[in-house]
Amino acid sequence: MMGGPLEPLFDVEEMELSFGPQHPSTHGVLRVMLKLDGEKIMDAKPIIGYLHRGTEKLFETEPFPQCIPHTDRLDYVAAATNNQGFVVTMEKLLGITIPPRAAYIRMILAELGRISSHLVWLATHAIDLGAITPFFYNFREREEILDLFEAYCGARLTLNTMRVGGVPFELPDGWVDQCSDFIDRFPKHVDEYEQLLTGNRIWKRRTIGIGVISAEEAIEMGLTGPPLRGSGVKWDIRKVFPYDHYDEIDFEIPVGSNGDTYDRYLVRMQEMRQSARIIRQCLDRLPEGPVMAKVPKVLRSPEGMVYASVEGPKGELGYFIVATPKGTTPYRCHVRPPSFINLQALPEMVQGLLVADLVAVIGTLDIVLGEIDR
Amino acid sequence: MQAPLIQFIVIPIVKIVVILAVVLLVVAYLTFAERKILAYMQVRLGPNRVGPKGWLQPIADGLKLFAKEDLIPAKAEKAVFMLAPAMIMVPALLAFSVIPFAPATDLFGLLPKAMPPYVTDINIALLFVLGISSIGVFGIILGGWSSNNKFSMMGGLRSAAQMVSYEVPMGFAIIAVLLMARSLSLVKIVEAQQAAHLWFFIPGILALGIYFICGVAETNRNPFDLPEAESELVAGFHTEYSGMKFAFFFLAEYTNMLVVSSLATIMFFGGWLQPFPNVAWLSFLGVIPPVIWFAVKVACFIFVYMWFRGTFPRYRFDQLMQVGWKWLIPLSLANLVIVGVGVLLVKG
Amino acid sequence: MAVSQFFSKLIPTDLFAGLRVTGGYFLRKKETVQFPEQRREPTERFRGLFSYDVDRCIDCHLCARACPINIIFIRDHAEYEEIDGKKKKKLVVDRYDIDVKRCMFCGLCEEACPTHPKSVWLTTKTYEGANYERNEELYFTKERLMSWDGIKAFPGVVSPAQGQEPGNLAGTKTGGGEAA
Amino acid sequence: MTDEKNTPKPEDQAAAPAQPEAKPPWLDKPVTPEHADAMDDPDVAALAAGVEGAVLSADAFAGELTITIDPAKLVDACRFLKKERGFKFLVDMTAVDWPEREEGRFDVIYWMHRFDDSRRIRLRIVAGEEQSVPTVTGVWKTSNWMEREVYDMFGIVFDGHPNLERILLWEGFNGHPLRKDFPVEGIDTGAAVQPDVYPEGGGPLTEEEGGA
């Protein structure tokens, strides 16, 4: 709203509005209790848990390899990074070194997953702000990525495509060509999305200065991923704690400066291009060799607790595994869901904005309820 | 003895029935056109299953909406809730009574003497259309309020503010046309363009822009579709409506689009006139009946409407107001001055 | 500067850029796949409905153990038969049931299967499993897994009883784990 | 192991064998990480000196440092680590249930991150079943929801938390699912669906309590 706070001319009453859980733009079953003065948001309270499935409890009953299909269902738009997080943590616990070819395949899959997640984000974010067409262009490209996943592991969404010690399959014939063909075309498609949105005055007005969060505040709130980078903190797990073989890859971490919705939008758009760049390098350097390390048939853990994280599309996705001596199941497996912690910043980010901005901020946080509610 | 009866009762009734039927059919097919055009812009095919190439889709939609259960929320203001869809539909259709889509014709010699095909031509037709179309907003406000739903209420309120803000620049833009045509009668406006050998969009390009933007806002279309912004307000003022009541809201939106496009055609693009009447080698264009010219021009505007919808994000409420008050009103005033001076210079 | 800014605001080139993209797609080729008439063939590794071959199955229960949600039920009994004068124990599968309605198609059962070719496999390209009744229709017994009664198979795919073979998950054998 | 603590390395390298052999590491036997005492780590030493009696023990495992803290000194230790040692970022917190353990049923675990040298440490406190844990929401705002989640899942009460409500489950859910004694198959949660049948504040009774 423009202008300073004016004294109301007459008695005002706050309106309570239950935004969700069935609402077109809450990206699932998020519910936000709003206190409104007119259309101005005085207070927002996210209510979550509608999709709680007790995944962490389930982990405690599953042998280590069988936890992996369950991780698919956390952040279901980017299942590959979820798999990766779990297997990286397991390998750290068991002390397994994976063959380089497996690591490269994992990186390709994870980056494809990141692109597809960002495409879904852009599609829904644009639709939230009223632009309906990018949705279809994004899903057209996403479809190609899902085709690649299908050709590699047989599933399109819930991939279950990594194993402790590597990846289960060798790449099928022609996959590398198919993938590199897509990666070559992809940046042009990103240009198209940018033409539709980046310069558009309406898009800019809807996003610039909306949901601003400063770098200090972002760190204080525990934001990770694009929301943190949008505030100007150059921080990416792939660079800070390189897992798999990210340390051999040359890529940049795009950062914003103002920490508003537009910066986060730009960061994600750049990340898509960077992901394409990573995939290109991985495809070019794909080493020969086995795709599975030598691991015991039954995984038995040493006593201890490990935490390892990967850079998921939404932010730092960490797995914390407490293992008992000779255990075959995790004693406790905790997931650090990036969306869960990012969502916590929502009330602060939307304070004083309008209802229309709420959907912009929910969109820009890029939440996935499967991951928040677990 | 029957002459006045025929002239004042029978002929108008026939005209009204025909025009109403045609308009409703066109509106129904506009929904189809919108879905197709959006689909084509979005690399998909759109509805193509009902009938050949999907051409029966609007009929199927209509039947479905007829057959749907008509829900009235328990806490709704029932009388107003029932009235609101009519209040938006009736003014939208009423506007067509004065829209001249073709000149007087004898229907290829079928009629004894040439007769205007439109219902009537009143000398304040433009004012009439503006007045009537602003009644339509009551339907939206009352529909939003009576549903007793917070989202609907907000949609209705947004619509009220939006209408008020955008009527003003729209009016100013139209005054520019009045200055050039020196008449409020829509027929006279077309005739003035014929006489001047100049369609008014050339001197009135700014007025056209302002008028069209305001028209998009008045009809609650993207990028000004705030009252029914589905990602914010679920469905805005018609969240609680179903069945035919919803269909009324839906059709009224398209009817209003048709009205705005028709007015734009009449005021700026010479209505039913054919382009280049004086260019010899293009004289074959004269074969095409005027009503087709009118339809083609209107269709172009409608296409632009849908193109906008397929491309642009949505403005926020306060930004919409800013665009209206800070840009369009000053611009339309400036335009008025420019056109006024121009008219003064040309016509003395 | 201010004047040029004013005109750049007045003439919305940024909006035209967007209109050009959508307008450009208006007449371009469409991506829609008209589903029941046109079908995209799933890839070789696509994880579809289950197939099972009782003759190859060695009744090792590895698939049941690999299943994260325990939807594979196996009942068996031992039979003894004499071959060359030696008594040999042979396990016979009485029941091999998969509760497909709960399956999440992770494919771990197929991976766990030690026979070559696999005795239980999902590379069937068949995905139309929707049904009006889930408890009966989506519960597959050994016989149904073989005969594929009532399954809407992907065009060209035959039931295991008629000779469907598992797809070759090419390259799975190169894993170091397998070599060990 | 000491050299690994100061500079966390990617786990691939951390787990690599000391002497490279002819066999590549992925064909060799996995090198299981081992525990080591880490009391001489600079951060641990600083914490021990800064907050008297806070550090009970420190353990290094798989390149990660776990410091066990006296629960009473938790907030002081966290504030010290944030202000003096630059651990500005609370990565996550959670709890682990050890129902049989003598010194206390729960481990409450905090991770924190320092941006300057990308260093991560983990604090662990041991809490008994009835014992409440001081909140660290005053130190890091982000711990708000994390503590609510731990309360929801384990029933650990955080003293001084501004809004200690259940977060993933609804108010009135009977039990704390991530405790080891909560059945994996779940409980009948009719309480939420039929509030008129089941009294508010409790789900259906468990078997021991006389329910079905």
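For clarity, chains are labelled A, B, C and D in written order, and residue numbers in each chain start from 1.
Methods note: contacts are C-beta pairs under 8 Å (C-beta built on N, C-alpha and C of every residue); 3 or more make two chains touch, one makes a residue touch a chain.
Please read all numbers here as calculations on a predicted model, not as lab measurements.
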Quiz item: If every chain is reduced to the average of its C-alpha atoms, which one ends up farthest from subunit B?
Solution: D
Quiz item: Higher C-beta contact count, A-B or A-D?
Solution: A-D
Quiz prompt | Identifier of the chain whose CA centre is least distant from the whole-structure CA centre | solution = A
Practice problem: Could you tell me the distance, in whole angstrom, between the mean C-alpha positions of subunit A and subunit B? | Solution: 44
Quiz item: Using CA atom averages as chain centres, what separation in Å is found between subunit A and subunit D?
Solution: 23
Self-check item: Geometric centre distance via CA averages, subunit C-subunit A, whole Å
Solution: 26
Quiz prompt | Cα-centroid distance, subunit C relative to subunit D, in whole angstrom | solution = 39
Self-check item: Sites on subunit C at which at least two other chains make contact
Solution: 9, 15, 18, 21-22, 31, 176
Quiz item: Among the residues of subunit B, which ones contact at least 2 other chains?
Solution: 41-44, 310-312
Practice problem: Among the residues of subunit D, pick out those that touch two or more other chains and give their numbers. | Solution: 26-27
Exercise. Report the residues of subunit D in contact with subunit A in the complex, numbered from low to high.
Key: 8, 10-12, 14-16, 24-35, 61-64, 66, 88-92, 94, 96-97, 109, 111, 115, 118, 120, 122, 140-142, 144-146, 149, 153, 166-170, 177-178, 182, 184, 186
Exercise. Can you check the complex and tell me which residues of subunit A touch subunit C?
Key: 62, 65-70, 72-73, 99, 133, 140, 143, 147, 150-155, 158, 160, 165-166, 168-173, 192, 195-197, 199-202, 290-295, 297
Practice problem: Write out the stretch or stretches of subunit C touching subunit A in their complex. | Solution: 9, 12, 14-15, 17-18, 20-22, 31, 42-47, 66-68, 104-108, 111, 122-123, 169-172, 174-180
Quiz prompt | subunit C-touching residues of subunit B, taken from the complex the two chains share | solution = 37, 39-45, 307-308, 310-312, 327, 331
Practice problem: Using the touch rule from the top, collect the residues of subunit C that touch subunit B in their complex. | Solution: 9-10, 15, 18-19, 21-23, 25-32, 34
